[in-house]
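Mind having a look at this structure? Questions to follow.
Chain nomenclature is as follows: A, B and C, assigned in order of appearance, with residue numbering initiated at 1 for each chain independently.
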Amino acid sequence: MGIRTLIVMLVASVVIIAILATQETYRIFVPGLLEGALLTAKITVLGALLAVAMGVLAALGKLYGPAPVRWLANIYIEIFRGTSALVQLFWLFFVLPQFGINLEAFTVAVLALGLNIGAYGAECARGAITSVARGQWEAATALNMTRFQMLRRIILPQAFIAMIPPWGNLFIELLKSTALVSLITLSDLAFKAQQMNQTTMKTIPIFTLVLLIYLAMSLVITIAMRYLEQRASRGLARGRTV
Amino acid sequence: MWDWAFAFEILPILAHAAIISIEATLVGFVLAAGLGLVLALARIAFPWTAWPISVLVELIRSTPLLIQIFFLYFVFPSFGITLDAFTAGVLALGIHYAAYCSEVYRAGFDNIHRGQWEASIALNLSAWTTFRDIIIPQAIPPIVPALGNYLVALFKETPLLSAIAVLELMQTAKIIGSETFRYTEPITLVGLFFLAMSLVSASLIRAAERYLNRRPAR
Amino acid sequence: MTDKPMVRFDKVSKRYGPLTVLDSLELDVMKGEKVAIIGPSGSGKTTVLRMLMTLEAIDDGVIWVEGSPLTHMERNGQLVRADQAHIRKIRAKIGMVFQSFNLFPHMTAMKNCIEAPVTVLGMKKAEAEARAAELLDMVGLSQKKEHYPSQLSGGQQQRVAIARALAMRPKIMLFDEVTSALDPELVGEVLQVIRKLGSEHDLTMLMVTHQMGFAKEFADRICFFYQGKICEQGHPKEFFGNPKNERTRQFLHAVLEAG
């Protein structure tokens, strides 16, 4: 879907939410849900930052680290991909305090989701880095660059562009998993929805709004990533021949 | 810290709960694979359904599974039907993953060379026979690993059913924790169980992939 | 003329499993010498260059560059396998131009040429840019300084690649079939740059090439490789005019026939 179609869809969903906000049955729910959506957005952004950091680190560790580092990276990836986000979330929320580590629910949320998505991201990053053509490595070697210089200036910038689409999908998964934090008492969009539903039992209006809000947020992510991809590959003219 | 005696004590309880988790997984997956196939076939058999189905699929894939579980559990009572938590949960899992499976089937069907369809028409085969004898036997084997991956994904999502109090593994672990104030052992054991199942199924799927991709001797 | 060779391959061998690609190679290249390496594919000619550029490891023997070992280092009077730090030190004297150019696609021609001088040699950006501008001018591309590789023709890209390698002030330049990937009409402009390089600079040059005409007119020595060994070598006049070895004759005959 072109970036234009996506923007149209985003505008459409926002317009629909706005229209519904004027309707009697929907109006009361909108402010509370938007408040929850704000918390959801915060967790998503912070979780995304952690995920990218962990994913790239784990990929680099797995590809170029000494044996203990490779081992650690693999363990991190296997554990966080082999168990679901909810298991990880509950573990961090319920078990850490038993070891004396008392973190705020918000911190636990960002940590669990960031580490979870980061483990999947490591695969993306690894694939993107190894997909950078061998010739680039050889040219950099011929210019006598150190491994670090090669990675930082030549390989990673090119890998970065290849990584953007799959990371975009992962960020949407991250957005969806934020709903889980409602189960550790955080007042995110899902929590607010549940809360309102319990009290008013007006399931359809509430969840229609919730659906539209999540949809709008995921469209924002997709559009942002497309834009990022366009900016980053400026000048690269991938696929175009001279 | 870690109490081995306690861990062994709760194992039987968790084992019982694991059965519920596995039941939910299997029923949910049967629903997902079946409904997914229906959706994929409908798009081909009745082209006017293609657009509504893709919108539905997009909607399901873009919103959290947890929300869908809540929705299904709470929406039915407003119509006077009460579903028990297990049924609602499995229904939600099934519909959610049916959306993903339908995409897998779609890719599988798309990969069938056009000539197969055309030969079937030339031989005057009925649509039903074409699907049954020509298309499906060719489309399914390559996509089995992808379906397998969704089976595993579905299994890993069963803890979400704890949100509507289904007595699967995670819910049981939380109950043990709240009753004994020892959360470490139950939740860690649940985590290890999922990890083990994930690793085992990953190698099973790889083996299935190798088996399906073996080339017959010519 | 000093009697120490610029490059010395001292009984160097390279194997890929059961296949011996280079067999106890002994080759000396003097300072400022221009050597053309020719031969059928699989004869090991590209491997010679790649090992000198440390893109491949050697199995036996030692490679010397300007009197110091490249692949090994001296420790307590013994020669042991060199570590990364030593390799990088010696490797700094060598530059290479590749068949597939390998320009950095996310950088302009200018950026490609200043990247290594700035990050590896620690040159100031302004100084590096001045030098790069000079080099790009020498290869005839001052108009294309701010262009990206995707906006340049093959011949132009290869010329930028040459400028990029020269920016590091190597003493030895390696050319690995640098015109093989180019459309015929673009080959000339690249050869012209190499010709210019040869006449204006005191560079030691090793090139693997199929351009016999160019090799004949430009090289000081032709090395004919066959099955991992030097089958025959000599001054172009001698080599092309009066090949001594039967295989050399066969090869030249086949190449000249192909036109």
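As a convention for this text, a residue touches a chain if its C-beta (ideal position, glycine included) is under 8 Å from a C-beta of that chain, and two chains touch if they have at least 3 such contacts.
None of the values given here were measured: they were computed from a predicted structure.
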Touch-based graph of the chains, sorted into line, ring, star, complete or other: line
Chain closest to the middle [Cα centroid of all protein chains]: A
Centroid comparison with subunit A (C-alpha atoms), farthest chain: C
Separation of mean Cα positions, subunit B and subunit A [Å, integer]: 23
Subunit B and subunit C, separation of their C-alpha mean positions in angstrom: 58
Between subunit C and subunit A, distance of the C-alpha-averaged centres to the nearest whole Å: 46
Parts of subunit B lying in touch with subunit A, wherever the complex brings them together: 1, 59, 62-67, 70-71, 74-75, 77-78, 156-157, 159-160, 162-163, 170, 173-174, 177, 182-184, 187-188, 190-191, 194-195, 198-199
Complex interface listing, subunit A residues touching subunit C: 133, 135-136, 138-146, 149, 153-154, 157-158, 161, 235-237, 240, 242
Subunit A partner contacts - residues on subunit C that touch it in the complex: 53-55, 88, 91-92, 94-96, 98, 100-106, 108, 115-116, 119-120, 148, 150-154, 161, 164-165, 168
Touch list for subunit A against partner subunit B, complex: 78-79, 81-84, 86-88, 90-91, 94-95, 97-99, 172, 176-180, 182-183, 190, 193-194, 197, 201, 203-204, 207, 210-211, 214-215, 218
